[in-house]
């Protein structure tokens, strides 16, 4: 494989990785604060994409306001979902809450299907369709938007969690809900904020990735799955961890296609990626166990 | 068997990455006695417990139980040998009743497995019989017989601690390690606790307790070992260690509740 | 406060249920057990004859819903028309449509349910996997089934598919159409990139087996999964393979667009050929600039207006196109609805020749036998059908045309 | 409470349910739903395993469909391609799946919490990919048709009516076995692990070993269900064992009631009856399905079975007070 090709594989992996990371971020935020694996995260991404399409292409609002509006609506859906479905479930175990998010995902998908129909669509590109040459490889301008957005969102989240009052409260709640509620942090409010944040981040992701990978009412399933894997590799620990997980997944997938020895054709790329990642987890697990004991 | 050693450690050391939690500790505990391990926070008391219980491997040195070396023996095998411990944060099984908690303590003293239980084979029925009989016996020992059917976590903390001890006793131990049994108990409950611990000793079982509550320790312990920042700084009878200047120094600033 | 919210949730459910009620009622009417006075053209006060019950399992949700929806619309439209004209020999048609959700289990359950409802024949499902799943069930129950899925394996080996027919063109015709075209253009060295789905693997199988017959060699073969969002790595590999003159992609429309998109990004200039599975408006609309110049084989429906009157299919193509677009809007037509049109047409043809008073089993057997033996040179949207005991597809060759996408529309490469 | 003091009431209810179960497949009763009832039975078997694993031992599995699929495919391939006797094939499948689960259990259970979820999910996906890609054995994405029926001597289970009784026989036996397990020393050990691994270990419970054993047992259940599944449908395709299938299984386990063996029936039953009822709703079905799923969890987070038990208890007490205990 020539260096040009290698660079191309990396670029592709990085782009996909950024997509997975953007989705993984949402999983991480909600999990950290509530211990819930939110199976509706992929649907937030779907909403972001579909809304930006409707607003920009159908309604004809200029791109920027359309995007902002789309993200706001997605965030609102997140809030409504938490208030109506999660908070009303008093005394529900985490598992039950996870099932609620599954129900919500199915519901949102169904509604989206009714609103937008079953065909897939593509919102307008942010800055054209002319691919850019880079070290003998090519990259689509929208891909740069995706990577950029991922980086910016991650940094903002990181700063938000580390330096703002609310952010710190969220962190505290993530580390120890009981203690933080004793010092006057209301876990319910924190959970609400987490859902809104996650939905917004998912929405943003959906908005930037939709022009490149297109969107339809069913994309939430696959994207959600990839995002979950990304977040899980990162251990649901921090935004940074989720990003690392996502990039890792993307690059390994891309290289798995590059290296196609005999039986391990591109048909097995996902399997190869998963095996590699599981091995990483297992190797790390020893150390993780040690950490648990000391902490 | 009083007089002989139930537990011995030789230059026992445990390090987590950089920090040394226990540094070359030599201990020898008399069988059938109540021994207390005291020391300020972070002295390494709980680490010592975890090493004896086998929660994590020793870094260097040896632990002997009734003369047998313990280092390589996995935690779950030690209960069968006669070592059992309780936890500072009670660690009861919330998904079981009081009685079931104690019954699960009979695990090392019974042997039937999946097959026998799946098909209710005679062996299973026989053992279940004795399991529940023994469980009730130990439940009565700690005076919780009347609460058998309640959910374990519905009990007040005092009784939860007693239940934890009953559960440990159900394994028919030779040596029972009690991690801060007195923490969070009121005076009355503490008195009950002391009585219970003495009872256990009367049954010929060696007791080791880590405890912050000095009055309780001094009232109970026949032998006291003092740890400070991973080192053994003193041991002896309660009266002796109380006068020991090192001990006093170690406890300066530590408010003794 | 919280109880409030609970009530809110309940309210939503109630609304949804009402809506459900509405939906099922409305479908009920379209399925039409109750003939409206205007719809019953029986001047003599003869008692209305019992309805002909037909079942359909279509994917109204999930991966294949973009096939299922036009199929459903087509069936509802046809049933409406037929019943307006007094049904078949005075029997009103009653088509009950089950949602298979693009899932095999759901599909089988749906079919079992339909059979329990004593339907005379079952139309659908839309995907090859589901279709394979119901073969055992319909065979055991002796109910004729007309599949709307692409794979040839659905009707072969025909002795094991006694009760199963299908209307869409198979991957075999599509592959041969493309290869013939390549041969004409003198292209001999190609790369293929195929979906790992049943549809894609079917295409791969025949692309590889038939290549030699057309003097074509496959230099690189890559795959992707349904739902993948980036084929750049595969295409990079293909791009790095010397001598590739054209790429053939075998998948459904969304993934195919991404392949086209990625080729453009990699600035690959060699032509891209896609399967007949991408003949949807969404492919063009969402594909935009990326799919300009993509060449595909597809049914004549896409060029209905250009088909000469000499072509036996012309009439039916125009009729279906105009009727459908009259209801669902201009340019709403696609070939998948056409497959449903063909399937129901065959069943109706059989019913039209069915004698009165047959038992359910007899009626089912009659429909099967009629389709197998008496569908001869029947021109429909997919092609001209001539079924036989050895051929349960029976499509005459040349049912597929080659199209190139030029400024946002199919243009027939005559 | 109910599990202990077994009053006449409980026996009455159980008897009634059994009679109901017995009558379902008869034409004059619910005959046309036999197929549905069979599916409920098959999925109940998988769900029970999941309840033991998740509800009692507290170990998440997002890849249970992998074992379900292994059972299905091994049975299908052996009995169709190699002409092995279906019963033998079923047995081999169960042993293979159980052993497989046992051996991957050791590495997998070194992971905890969400890492474990991730690992099981990965396992499920990998198996699914294999089912799709090993075309020469599995028939690929389109699957295999023409898998033989089960039969005893000359008696062939060639109708849904016959298979109904076969499958529910298996289902009830497995429910009883599981019931015995959870009410035994083993069951206490499993619950202890769920309660506190440290405490369990300190009481001499070999935590790791119990985990892999229960994983293996749940895998065997899933495998048996898979075998019954293919010999019922006489068809198998990878799609029935994808990620969503694993999720569906977890959903069944939870809405039935994770910490109750008998809840499995309600979990499997509800999901299947729901989608059957909703199928008439056309495209709207999944919207309503999603809503109902949420409502069940919101109003009975402990699962249907727990709720039913509460209601039943309340009724019983009321009648007790009225003094009309039969």
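When the chains are written out, they are named A, B, C and D in that same order, and each has its own residue count from 1.
The definition used in the following text is that contacts are C-beta pairs under 8 Å (C-beta built on N, C-alpha and C of every residue); 3 or more make two chains touch, one makes a residue touch a chain.
Note that this is a predicted model, so its numbers are computed, not measured.
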{"item": "Chain whose average C-alpha position is farthest from chain B's own", "value": "C"}
{"item": "Chain ID, smallest distance between chain and overall C-alpha centroids", "value": "D"}
{"item": "Averaged-CA centre spacing for the pair chain C and chain A, given as whole angstrom", "value": "34"}
{"item": "Rounded Å distance between chain B and chain D, as computed from the means of their C-alpha atoms", "value": "41"}
{"item": "Centre-to-centre distance between chain D and chain A (centres being mean Cα positions), rounded to whole Å", "value": "31"}
{"item": "Distance from the mean Cα position of chain C to that of chain B, given in whole angstrom", "value": "72"}
{"item": "Per-residue multi-chain contacts in chain D, two or more chains", "value": "133, 283-288, 291-292, 294, 298"}
{"item": "Residues of chain B engaged with two or more neighbouring chains", "value": "55"}
{"item": "Multi-partner residues of chain C (each touching 2 or more other chains)", "value": "6, 9, 12, 61, 65, 69, 196"}
{"item": "Residue ranges of chain D in contact with chain C within the complex", "value": "32, 35-36, 39, 132-133, 135, 140-143, 145-146, 233-235, 237, 239-240, 272, 275-276, 278-288, 291-292, 294-295, 298-299"}
{"item": "Residue ranges of chain D in contact with chain B within the complex", "value": "4, 177, 180-181, 183-189, 191-192, 194-196, 198-207, 213, 217, 259"}
{"item": "Chain C-touching residues of chain A, taken from the complex the two chains share", "value": "1-2, 5, 8-9, 11-13, 15-16, 19, 83-85, 87-88, 90, 110, 113, 117-122, 129, 131, 138-140, 209, 212-214, 216, 218-219, 221-223, 253-255, 257-258, 260, 265-267, 269-270"}
{"item": "Residue numbers on chain B that touch chain D, as the complex places them", "value": "53, 55, 74-80, 84-85, 87, 91-96, 100, 103-108, 110, 112-114, 116-120, 124, 127-128, 131, 149, 167-168, 171"}
{"item": "Touching residues on chain C, where the partner in the complex is chain D", "value": "6, 9-10, 12-13, 16-17, 19-20, 23-24, 27, 60-61, 65, 69, 72, 96-99, 101, 103-106, 108-110, 112-113, 116, 128-129, 132-133, 135-137, 151, 153, 160, 196-198, 201-202"}
